[in-house]
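Each of the next two complexes has subunit A plus one other chain: subunit B in the first, subunit C in the second.
And now, the complex of A and B:
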């Protein structure tokens, strides 16, 4: 399968980690764990030259593919062989980081187990393992990534210091090298104007808050990524347990906000959700930010059983599919900004129309 | 029938002059002619005292009712016997002027022929005859009002000067005392940004442009009232012919604007109309200005056959029914601003839902 075919296969698939699994998935969209690992005695990617990087990349790839440490490793991409558009697609699907999307020589991505597991090669570190699960499920994600890590560590000599732990390119990852995050959907806290207080509380607990696409994308679509900041001084399980406990509190907080609004200011929720639906279902030009925020409101409406014909799964997918690279690849041709906004409106409108027509039959 | 019963009867009726009659009614909503008349030898209302005004009012009323000059004169209201809310209702239905809604002692309104004909007594002048017809139909409106005027002039001695013509309280009405106006719906000219140039042109022709509720209400809902400014030096028929000819040009201009946009910028019209529909059909809180503008867009969409389940008649009525006094009377209780906005959204949403459900069956 050549790169174009692989990309098209990816594009045609629903995002596997957005499949609701009943694990608080009304409010917790997905749980992600990343582990940073490096090979002993080899320069970190940022200081290695292009040839060294390519050599390490091939070595890691061969080892991983032959190892059976990953379930069904279906896709492999060399970054510098991908077009800018294809790299953007991988970024929008949260398979690669901003850094990797810059396509440094000798960087690559392995995708496995649907899109639930993946490995970035030669990002900031030699390996960045990633496991993404739907809902709030850091424990399962940890079991999975921990298995992959153990399995690979028998085949690759990971740089490890008995005092510091795993050595990483950036000191902020040293120790466990773990970055755990949960993406939460908190429109109730936004609508009831409690979000700033809640996020302030999160930050004072030493956790980080980001938007759907990392730093600087806060609050788009009411989606927030909460992650651990420190990788040192706590075990992986402690980090995960502490994060999970905070997330559970936020989920309760969001649910209470919705109940309170439904009891005391029902018109605010009905109006917010109704208008969002009206916009998504009937607009012919739709910007990305407006689309994300409207989808966020609609998602809450579906959670609240206001739209029996619609399902969370489809709305989750739309959050991904309305992004520029997805739209351009679906359209199969270049689109200027206005054309993208028209295409975005078409995709959303048609998706909702189709669901409603299916629900009727 | 007491006043409350008469008001309720009015409220329950669809506005008769909003019934589409095929006379350019896609763009020309209605045509109105008013004639100012005064009784010879009696002080103008503004200088008469309360007792004099009441006396003149009773005299005019008795004469008019006994004259059979009006078809089916069904309703009679003494202004100072009406609540502020009821007076506002009459204002919203364009049966009385702002001045009369101030409820001066000895002022009254007679409504006849559905709501097509009416007479304000002791507004600025002793009599203000009004005829309102759907569509562009100043000629028929003139025939009608001219008949009423001739008929009444045989029973009431109208103040007339052979050199100046009819004498009126305000010099701007002296001569013919005629004020002819057509309400136009021009969303295409607004959307294509040609409206300011068009209205500037209208003003240079010596015509006046106002909004749906007179001066200061320009451009709400894309509705414009175009009327003659001068009442002196031209015959009534010349005034009407000149106004009609300008209106026909504006109608052509509006139609061309729509065709051009549909050809070259279809997405702008589809998006504008689609979003308006989405808002009207799904909002739960709706301000008056937003409602008027959205109805305006939807009306154009219905004209353009984008909504087969909806009809112009119902949308025309909504333009009237979403006004505060109508909403309060429909609700049957006092409503604060937020409650009015909620009620407005309910009325609009339910009307559209009902039409769609009827169209399906």
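And now, the complex of A and C:
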């Protein structure tokens, strides 16, 4: 299968980790764990030259495939062979990081069938294992990624020090090498103007908060990513447990904010959701930010049972499909900014219309 | 404590350096800390590059901090020595040097952790909750108790959620106790692994 065919296969499928699983999935969209690992005796990617990087990449790829640690059939992408558009698609599907997207020869991605686990090769470290699960489920994600790590540990000698744990290129990842994060949808806290206080609290607890679309994008789509900062001095389980307990509290705050607003300022929520629905259902030109914020409001409306014809899964998928690389690949041709906004409006309008007509029949 | 930079937000990042017996501190809120670095990639902590930040402190606050420590360190032993000639630390295995460490905040290979040990020992407490690794190691077998116990913990957590939703608080309290026992067991087993 060539790269174009593999990309099309990827595009044709909805991502598995957006399937609601009943695990606080109204507010927690997905849970992700990444593990950083390096191979003993080989310089980190930042030092290695192109030939060394390619050699390590081939070796890791063979080992991963032979270990059968990822669900088959795996997909394999060499970063320097992908077009900018295809790299962006992988970014939008949260399969690669910005760093890997811009990496030179010798960097690659292996994705398991279903997209819930993947391995970045020669990103900042030789290996970055990644597992994504729907809802708040860091424990399951940990079981899965720890199993992949075990399988690979039997075949690869990882750089490890008894005092400092797993050694990584950046000292901010040493020890466990774990970065656990949960994507949360918090429109209630935004609407009730409690979000800054909540985020401030999270940061005080030594956790990191980011917008999903990079630094400073905290209010885009009401989506936040909360992750652990420290990787040394606590076990993986302790890190996950601490993060999970904070997230459970945030979920409770978000639920309370919604209930309070429904009780005391019902018109604010109804107006917010209703206008968003109007824009998404009837607009013919839709910018990315407007689309994200409207989808966020609509998602809350679905959570609050305001729409019988709409479901969370479809809205989760729209959050991915309205991104530029997805739109261009769906359109099958280059689009300028205006054409992109028109295409985005088409995709959203058509999806909502289809759901409504299905519900009527 | 308020942020030393904006004097508005609560400081959540505390950096302390001891050089030549003098202690200097910088307290920043996360917003100011993130503004300090143009790079916001994965290698950073909470959106800022720790080495760049240490470097900024050294230069902006006139501290004989990281820069000085780097310049005055002996290349082979990695020990701080004021009498040693101004010589850059270089890793003999991968040729990574202190200048590159300062610029990127990254290391070149496993051996760099020995070469730059003194610099890292100062920086690590600001990045992490502890100094010593607790948790998984490559020799840990797949059949370790951790994952199985974790599965049990997960089951209990789900039962707890259900009990609370059903307002069965006595049952919830029982489950909570079981969870606490299991957590204690898990934490003590990871510590035993360590020893």
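The definition used in the following text is that the second predicted complex is superposed on the first by the 354 of 361 C-alpha atoms of A that agree within 3 Å, B and C clash if a C-alpha of one lies under 4 Å from a C-alpha of the other, contacts with A are read in each partner's own complex, and residues count from 1 in each chain.
Basically, contacts are C-beta pairs under 8 Å (C-beta built on N, C-alpha and C of every residue); 3 or more make two chains touch, one makes a residue touch a chain.
Not measured: the values here are computed from a predicted model.
A.B. asks: Considering only the touch criterion stated at the top, classify A:163 as touching first (subunit B), second (subunit C), both, or neither.
C.D. replies: second
A.B. asks: Could you figure out whether subunit B or subunit C reaches more residues of subunit A?
C.D. replies: The larger set of subunit A residues in touch belongs to C.
A.B. asks: Contacts for A:267 in the overlay, against subunit B (first) and subunit C (second): which applies, first, second, both or neither?
C.D. replies: Touch status of A:267: first partner only.
A.B. asks: Tell me the contact category for A:140 with respect to subunit B and subunit C: first, second, both or neither.
C.D. replies: So A:140 only meets subunit C here.
A.B. asks: What is the contact status of A:229 with respect to subunit B (first) and subunit C (second): first, second, both, or neither?
C.D. replies: Second partner only, subunit C.
A.B. asks: In their shared complex, at which residues does subunit A touch subunit C?
C.D. replies: Spelled out, the residues of subunit A in touch with subunit C are 38, 40-44, 46-47, 97-99, 123-124, 139-140, 142-143, 146-147, 149-151, 153, 157-167, 169-176, 200, 203-204, 206, 208, 210, 214-215, 229-238, 241.
A.B. asks: Quick check: in the complex, which residue numbers of subunit C touch subunit A?
C.D. replies: Within the complex, subunit C contacts subunit A at residues 9-10, 12, 30, 34, 40-47, 50, 93-96, 104-110, 113, 120, 123-124, 127-138, 140-142, 146-147, 150-151, 153-154, 157, 183, 186-187, 190.
A.B. asks: Which subunit B residues qualify as touching subunit A in the complex?
C.D. replies: Touch list, subunit B to subunit A: 267-268, 270-271, 274-275, 277-279, 281-285, 338, 342, 345.
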